[in-house]
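Reading through the structure tokens given below for one structure.
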Amino acid sequence: MQQVPFLSLITFLPLFGMIIILLLPKSNEKAIKSVSIIITGIQVVLAGMIWSMYNYSLGGINNQATYQFVEKFRWIEIATVSWLGTIKVDYFMGIDGLSAPLLFLTALISFIAAISSWKIDHSLKGYHAMYLLLVTGMVGVFVSLDLFLFYIFWELMLLPMYFLIGIWGGPRKEYAAIKFFIYTLFGSVFLLLVMIGLYLSATETLANGTKVFTFNMIALMDPQNYTQTGILSPLNPNNLRFVAYIAMFVGFAIKIPMFPFHTWLPDAHVEAPTAISVILAGVLLKMGTYGILRLNFPIFPEITQQLVWWIALFGAINIIYGALCAMAQKDFKKLIAYSSVSHMGFVMLGMASLNTAGISGAVFQMFNHGTITAMLFLIVGVIYDRAHTRGLDDFGGLAVQMPIYTGFVSFAFFAAIGLPGLSGFISEAFVFLGAFSNVQIRVITVVSTLGILLGAGYMLWTLQRVYLGKLNEKWNKLPDLDFREYAMLVPLAVIILILGVYPSFMLDLMNSSVNTMVTFMAKSQTFFSSIQF
Amino acid sequence: MNGSNLITLSLFILFAPLVGFWFTLILGKKVEKSYLIEIVISTLVLLTTIYVTFTKLFYFPDTKFVSEFTWINLGEMPLLGKVTVELGMMIDNITALMLFVVALISSLVHYYSIEYMKGDKRYNRYFAFLGIFTFSMMGIVLTHNILMMYIFWELVGLSSYLLIGFWFEKDSASDASKKAFLVNRIGDLGMFAGILLIFVNYHTFTFDKIFMAIGNGVLPFNSEFWLTIVGILLFCGAIGKSAQFPLHVWLPDAMEGPTPVSALIHAATMVAAGVYLVARIFPMMTGDALLFVAVIGALSAFIPATIALTQTDIKKVLAYSTISQLGYMIMALGVGSFAFGFFHLVTHAFFKAGLFLGAGSVIHAMHHEQDIMKMGGLRKKLPVTYYTFLIFCLAISGVPLTSGFLTKDGILAGTFAFGLLTGNSIFAITGFFVAMLTAFYMFRILILTFHGKPQDEHKYEHAHESPFLMIAPLVLLAILSIFIFYTANPFNADSGWVLSNWIKTPASVVPEHARYSFMVPEKMQEAAVKTTEHITHSEVYTEALHHAHIPAVLLSLVLAGLGILLAFAFYQWKKIDVDALTLKVKPLYTFSLNKWYFDEFYHKTFVSGLLGISNILAWFDNYVVDGIVNGAASVTRMLSRFSGVFDNYVVDGAVNLTATFSGLIGLAFRKLQTGKVQAYVVLVVFSLVLLLLFFVKI
Amino acid sequence: MNLADFLFYVFAVITLVSAFFVVTFKNIIYSAFSLLLTFLGVAGIYVLLGADFIAIVQVIVYVGGILILILFGVMLTNKIQNVPIKTEASFIIPASITIGAFGGILVSTFINTRWKSMPAELANSTLTDVGHLLMNEYILIFELLGILLLVALVGAASIARKQ
Amino acid sequence: MTSIGLQHYLVVSSILFSLGLFGIVTRKNAVMVLMGIELILNSANINFVAFARYGNFGFDGQLIALFVVILAAAEAAVALAIVLNIYKNFSTVNVDEIDKLKE
């Protein structure tokens, strides 16, 4: 379509940066840090260019022609023994309205987290190399359209994360890192199984007319492409699609993280350094919901329809359970971690609505949660850098000592509890509007509105405990924000504000894709009900 | 006269305070006098508003100005149809009146605060917060759709949070601000649920479109029951914001904020937003929903009035009286007396703001002493404050020649008429009883504060009249509390311009059999007289109201007089011993003094319950959910240890056994244990050989 | 049996026998010199296969470069003065059996497979064609290899230089 | 006996391969292991060139062989550098004595 392979550039740029960092001498710390900031900065610029060239009217989802910035090459093609046929993997990248917002989010958050990594003090070289590798993995997940490629990036991101938590983390870093690793690996195994099952069930017709098994996500979305006997084929009366759906869902749910698979998150957050927490909450959690929207929904539309109630139920549990758990926390970071659990529940609730308002709300909420939670973790980072404690009860009255910082804190907190005028409100409102419009999950929606109240409860309580009241004399020397911290917080705040006042920037971007998706889900429903065994 | 510029000017009215907020906030620390930006903007807004309001009311009393633009376009939604979300403004008569009230009191409070807040270390920030409040309040008033109202509704909550917690170093202030926000959120949840219901059924948020749809017979889920539910849910927002029973507990605590703020937000404007909301959605309220509204209003009028009798903090008494008066308005709307309910909102805004500003003047003079038991005799020291305060007290008690008389009397007549028509006289009884209580406790604080002997000589000596900027707003508000601004006839407001031209009951769109019976206009009447088509009420109702008027006037006069008399008897002439009486009705007294134990009850049940649940869940999360995970991990570890043992003894034993038979393989396996790469290579090749032997036909 | 066939057997024998010596000599120096023979034998086979350019490269790079490198390695890592440059072997029996079987299978597979052989006419010299391919179709790989060699050079130097 | 064909070359290469493998497996000296690897590479190269000759694939096989030679050179250089480094650190080049990986 166009000449410049933007997606490959934006994906592999960090890898290039990693090589540069590896070539730099260990002692040149400034250069190493600068490289990772500059590389992620270029990524933001690239993302901006992609945005400016993005065509809002194309839908994507199940129509390969309406994906944008597509790059498709043969990558692996091996003729093997007869029953397996040709193993064919494409290097296939492209974005639509579902992945575009998340691509921009990833670029942005990576950049901010790179700035935030400035204070990492040991093994800088390794840290930044790992960090850039992680960024490649994250971007790759959002742009790849071939299941195999997707899986490679998915796993690619896991390893650096393990080391980033396990080496540069807090006191219980080994425990947290192992827990994170095993949990995610556990999910990946499910993902892999389903992936192979899908591969062996669907074929794609090549240019020369032969049919080969395919990893192409878009081909997998078309029920016509399945073979009669494939184990996950809808045409096979004894298919295992239901089991596969659950397995894949669990694989992604661990990443979201969905109750009851969420316990790795508080541990990982508490131990991870600030920048990694920002990445973890800002981008990694979105991969779970993105995966469900990108794979589970269009590939298994009929089972999605059956399970909508359950998805919504778990969304509601996440919302309320997360909020209640957050309320009882004494560690600032843990509190924010549980608030993430709660906020990701909104995404699930919105997805379950299966209508435009709800899914738009869900995707928008992914973006907003990315920016808002990133800001919250940065805020905790600021205070932790200065005071070296995160206990909520250790503070008090910081508003007197650090007024500007407290201003940002209030901004972020109110964004998190969905104050109108800030972006979180729009997405939450749309999630509720959408979910409430779906008759099946109406009651669940009403119950989960309680989350709004609980969210306000624990956020304001935290605000009061840490920032209001009398200043704890222990902290009367803490300085206010410095330039670097402004550089991280101001862009996020501006984005949150702009998207709150004029959300169409983001909603228009995803609108045609979301509409395509909803139409597709509704249509395939009729297709599946027409299959007679 | 062209009305099209009104919308443009309203845009200025809406956004100028926001600009002021940003500039004052950002310049706050660096520029010493940045608060002047806010002052200037607020004055400009007031002038513009006066122009807009009076142009609208005098030249276009029957026109509705609407302007909107598309904010979010979701396009053709596959399951729901075309959905766009519009933002827009609407100026009708009640908007114009409300604009005037907000702008006037807001700028008066700005001027007043210049003196009152002098010396505060966050002086500029205070004015910035006033700016964002004015912005949000104007937003509520000007909007033409329910979603935008909700948006500004929350923003008002935010500014209220910021201003109540302005002196956040005090724990009580930060507690109060949090409580205010959360309690408001409870109400907002209901409102939000109502909005969801509206969206699902009408796919729009615009009031006019919703009303039109209902008028065309489109009901939520095709049932009047759900229409009632929608009405009640939306009203929940008003319960929270207007501090109605059972969510009234935040307002007295909100008095922790600076006194001018209490005057602006917690007496005149923000809390009145609830009443404004009910007025806005009045056309879609069914009879049942209105009855619910009326009951809540009556309870809110009665309970706080009884609490106000025993409180000794001057601001708390005023706060409870505010709740009680808001209850009046809500009750008036609930019994269908739309015009008087809204009218009372306007007059109450002026005299209640005046009362708070007067109390502020007293507190200022007494060096932040708020306990009326420690005041007394201030009449001579603060003459202007005293006389204006007296006028406000007369107004709120409903003494003739004041604005309060006009409206309160109208409301009482409305409840009376309601009783006559439906046989349900509980609202009338409540109304009259509360009128007496109001007169009593208002004069109680007046007497204890200004009359008698000073209780605290030291503070009394230092007290002095407040400076001009604080006195002037008081005088202005006192003047506005005189009847002449609203009607020429001091005993009946019906013929006055406010009621006859400006405030008109909107036409109900609810199906006829779901309304109050008296709100169904007779068919004949409607057909015969074209001009009355927008009047909701039937002829019978007008008749009943007419009949109710005279008895209501007389009765309310008697009761107000009785209340005032009792107050004098208790506190001025000391004819009746207060302490002895207190002892006699000890249980009732403590009950009232402790505010009916609402706070304790809520704290014991909801707050502690919630915290308890959250602690249990956190424990559950930590030990059960995570325990399962860790348990699974340790089980796996145990299994692996077991399999290690198994490997060592059983498998290895078998290997060694094999080795005795087949020395070569045994050798290979034993080499394996050395962990050397080369051994692995041998093994790999060996396995390869086996595989090849298996697959390749040689 | 024509000359080409005869030469093939000669080279094959040279290659295999010297390779056998490479892996069996106890003295590492002897092994290294046997390796020289092996390389030369392989070069001869290349010539027989009509790949003259590869044969030349084989001689230059392997014999001239790699072997010298290996000899340097031997000299630098064995205490020539003190200890005889002999190295022991291990796993001989299992290795010879396994690998013998493996080789047997390989050989028998190759022999039993019916290869579709369609030998092209032998050109005079492959040099021009190889050069063309190298500069056109394989230019990217060619350049990458250049970079690789550079990296290997720098890397080898830096690894060996340490401490 | 038929005239020399593809099979003969393949047989030679497979024997060479086996010998290389044998060297890798049995010898303890790291340099010797390296030599074994060279043998294996050579055997692979013979295959490439032989298939190029008899398979009518043009010169691709030869080119790959050429690349393999180059790679082998690079590999030898790096591997010997590593061996030297190991020798400096452990004073031995016997692969079975270097078992730091086990710890």
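The letters A, B, C and D name the chains in turn, as written, and every chain counts its residues from 1.
By our rule, a residue touches a chain if its C-beta (ideal position, glycine included) is under 8 Å from a C-beta of that chain, and two chains touch if they have at least 3 such contacts.
Predicted, not measured: the structure shown is a model, and the values here were computed from it.
Taking the mean of each chain's C-alpha atoms, the chain whose centre lies closest to the overall C-alpha mean is A.
Chain C and chain D have CA centres that are 6 Å apart. Chain A and chain D have centres, each the mean of its CA atoms, that are 47 Å apart.
Chain B and chain C have CA centres that are 88 Å apart.
Put simply, the C-alpha centre of chain B and that of chain D have 83 angstrom between them. For chain B, residues touching at least two other chains, in rising order: 678, 682, 685. Each of residues 21, 25-26, 96 in chain D touches at least two other chains. In chain A, there is no position where the chain touches two or more neighbouring chains simultaneously. By the definition given earlier, chain contacts exist for A-B, B-C, B-D, C-D. Against chain B, in their complex, chain A makes its touches with residues 179, 182-183, 259-260, 262-264, 321, 324-329, 354-357, 360, 397, 399-400, 403, 414, 419-421, 425-426, 429, 432-433, 436-437, 445-446, 449-450, 452-454, 456-457, 460-461, 463-464, 467-471, 502-504, 507-508, 511-512, 515, 518-519, 522. Of all residues in chain B, those touching chain C in their complex are 664, 667-668, 671, 678-679, 682, 685-686, 688-689, 692-693, 696, 698. By the touch rule above, chain B contacts chain D in their complex via residues 674-678, 681-682, 685. Residues 29, 71-80, 83, 147, 150-152, 154-155, 158, 161, 165, 168-171, 174-175, 178, 181-182, 185-186, 188-189, 192-193, 196-197, 199-200, 610-611, 613-615, 617-619, 621, 625-626, 628-629, 633 of chain B touch chain A in their complex.
For chain D in complex with chain B, the residues that touch the partner chain are 21, 24-26, 95-96, 99, 101-102.
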